[in-house]
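Look for subunit A in each of the two complexes below; its partner is subunit B in the first and subunit C in the second.
Right, the complex of A and B next:
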């Protein structure tokens, strides 16, 4: 029987989350965060061009030929949901190798989804600003947290297996 | 892929419900929810609304402004007044439809009337607390700036506070409350009490 304590999970999850968000808002990490956003915009720009779309890039800003521009700021780069995933993975009782796999694979999945989100917002914004605000601030953010929960769920199911085997084998 | 069937079903249903319920919230529920939020928060701090939909909040503080060359006598600050655009207030209303979407997407939805109602009340309380937290952090930050007592560490603490209250907790809270109130979902997601059959070498299969 594999049975992580929910209390321990909540305690470690909350601690990791507070520490990570505190660190994220320090000047040194903010500078890295801005560079990371710039890389994601570069990747999105490359994908749009590769698919035959039209856009220009200026650091973390993506511009449409019609003049509409969208900037990837702090929070739009999915670092906040990645922190939530990392906190949950670190709080879950699993072997460190499994945790490392969860952190790496989970981050890649979330960032890939975020690039899709950013490109979709770039096109939604050209069509309608009110729809852009709705999709940007509420819909896509909530969908990303839902995806993050499912990524964690899939990982936790896999991570729970070896531990359960070990316990059952005793 | 069959091993991940519950996750896939939850993701598909959750995504569809999020789109449907957030659209309903944006077009129908947003106005009444803002009205209720203003009513509930208005009991604790004065809020004035404008025809544009923006709010003016007056938050009580107790700060002494020291003497400066421009202000020869110390002054007592009793409240801080600031404007809050409607788009900022909206942030404190959308967590309830997100909670509904998670609960309705979770397995065994028919058995979940009471967690749904209890969670809705919990989410409304959390949104109110977050709104009041945002107002007090913003006022404390402004008061510290006016009093000239804000140092880099204070600035960082206020920034982390506002970031959590505006950009993290409204999004994370519905999921945490759903996992807290829905035992079945919690046991599934956190793999609590998962039993795995292990074949024993030399043993008989039944």
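Right, the complex of A and C next:
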């Protein structure tokens, strides 16, 4: 029923990526993207306050009492990483129910990790700028790559199972 | 040799265009800038430009007069000044505090150069003395979480080299100067600014979103180095999720992993 052709996977994966990143360049989607970033900063701000921390929020900027601030600019909200995961999930041969599960769970996991990343960078930056640069440029980037790969791998293993079983019965 | 001179010239010009002084040059020429409306009653004098953006409503000029400047009603100059004001406001908001004065009245205090913070509102009743310690470039920044209010006949006194050019008030909501108040410095308010009857401002009244309300006032900005001599706060850092090479790498890894897993699923068919 589901053709697990590797060629088909690459084709759909590339197509989905091109479509989604292309859509991200349109003003309508960019406006939604900016609003989403603002919501993530609100969420981060709320979490910091709920845990007894101190921060002020000005639009997409989270600022510490000492003056240090982090801004969730374009490309900081992990939408690009989510697009890659979605493309891979949509391209992989699996039932649509499994794909929906992969899209939803994958998005939640990546976005949750990105909020943790944003808050942690906010605190690391107040402590040390060199550490902030390291954590931002290397540590979190590697962790997000790893996270996305693991999420896709775990999902694909589960998604391939019913398809393989169904084909085995033929 | 020639090439290095040329490179130096290019870098110099680029630096000039990107210096904070240039970024705030447009704003420095404004005595009054509003976001939604500017309303005046009585013979107010504004020294410097008077502008509004994105609103267009300016009333009370005349009897109010604008000297050494002109009126900009939601034109490109006013829009640029509003954009500069956002930058300026954020710069002030990002300045690290040297002292927190929350709950204290500014009246009766003598302050040395520094950044003074108020978590919520700030009140001035009486005279605030700013001591420049002999430095004409001394800066005094007041970061106020919500409102700035002055009682009638309050004042800011500058001594020992302090200049109104080096005084800035970053107000989280609105500023209201009581009747007869004589304030020094640039007010950068997120919402509105009200100068009650007879108050004077040796500085600028700059409102980002709301109105500026005037009533028989004198607003004259300093002729010193303008807004650019205020200390630059720490930069706000953007935190992109991934660099472009990392994103491309992740795409390749996913493509590779997906291909392997798809092939595996095909083989198990």
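The rule is short, and it goes like this: the second predicted complex is superposed on the first by the 167 of 170 C-alpha atoms of A that agree within 3 Å, B and C clash if a C-alpha of one lies under 4 Å from a C-alpha of the other, contacts with A are read in each partner's own complex, and residues count from 1 in each chain.
By definition in this document, a residue touches a chain if its C-beta (ideal position, glycine included) is under 8 Å from a C-beta of that chain, and two chains touch if they have at least 3 such contacts.
All figures in this text were calculated on a predicted structure; none of them were measured in a lab.
Undergrad: For the three-chain model obtained by superposing on subunit A, do subunit B and subunit C clash or fit?
TA: Clash: subunit B and subunit C overlap once superposed on subunit A.
Undergrad: Per the contact definition in the header, classify A:134: touching subunit B only (first), subunit C only (second), both, or neither.
TA: Only subunit B is touched by A:134; subunit C is not.
Undergrad: After superposition on the shared chain, which partner residues are touched by A:6: those of subunit B (first), subunit C (second), both, or neither?
TA: Both partners, subunit B and subunit C.
Undergrad: Based on the superposed arrangement, let me know which partner A:22 touches: subunit B (first), subunit C (second), both, or neither?
TA: first
Undergrad: Which partner does A:52 contact after superposing on A: first (subunit B), second (subunit C), both, neither?
TA: It touches nothing on subunit B or subunit C.
Undergrad: On the A-aligned overlay, A:147 touches which partner chain: subunit B = first, subunit C = second, or both, or neither?
TA: Only subunit B is touched by A:147; subunit C is not.
Undergrad: Counting only touches as set out at the top, which of subunit B and subunit C does A:156 meet: first, second, both, neither?
TA: both
Undergrad: After superposition on the shared chain, which partner residues are touched by A:125: those of subunit B (first), subunit C (second), both, or neither?
TA: Touch status of A:125: second partner only.
Undergrad: Does subunit A have more residues touched by subunit B or by subunit C?
TA: The partner with more contacted residues on subunit A is C.
Undergrad: Pick the subunit B stretch that clashes with subunit C in the superposition, from 21-29, 147-155 or 165-173.
TA: Among 21-29, 147-155 or 165-173, only one stretch of subunit B overlaps subunit C, namely 165-173.
Undergrad: Please report the subunit A residues shared by its interface with subunit B and its interface with subunit C.
TA: 4, 6, 9, 17, 75, 80-81, 84, 92, 137, 141, 145, 149, 152-153, 156-157, 160, 164, 168
Undergrad: For the complex, give me every residue of subunit A touching subunit C.
TA: These residues of subunit A touch subunit C: 4-6, 8-10, 13-14, 17, 56, 58, 61, 63, 65-73, 75-78, 80-81, 84-85, 87-88, 91-93, 114, 117-118, 121, 125, 132, 136-137, 141, 144-145, 148-149, 152-153, 156-157, 160, 163-164, 167-168.
Undergrad: So in the complex, which bits of subunit A are touching subunit B?
TA: Against subunit B, the touching part of subunit A is residues 1-4, 6, 9, 17, 21-22, 25-26, 75, 80-81, 84, 92, 133-134, 137-139, 141-143, 145-147, 149-150, 152-154, 156-157, 159-161, 164-165, 168-169.
Undergrad: Tell me, which parts of subunit B touch subunit A in their complex?
TA: Going by the criterion above, the answer is residues 3-4, 7, 10-11, 14-15, 18-19, 22, 26, 87, 90-91, 94, 98, 101-102, 156, 159-160, 163-164, 167-168, 171-172, 175, 186, 188-198.
Undergrad: Can you name the residues of subunit C that touch subunit A in the complex?
TA: Those in contact with subunit A are residues 90, 93-97, 117, 233-234, 236-243, 246-247, 249-251, 253-255, 257-266, 268-269.
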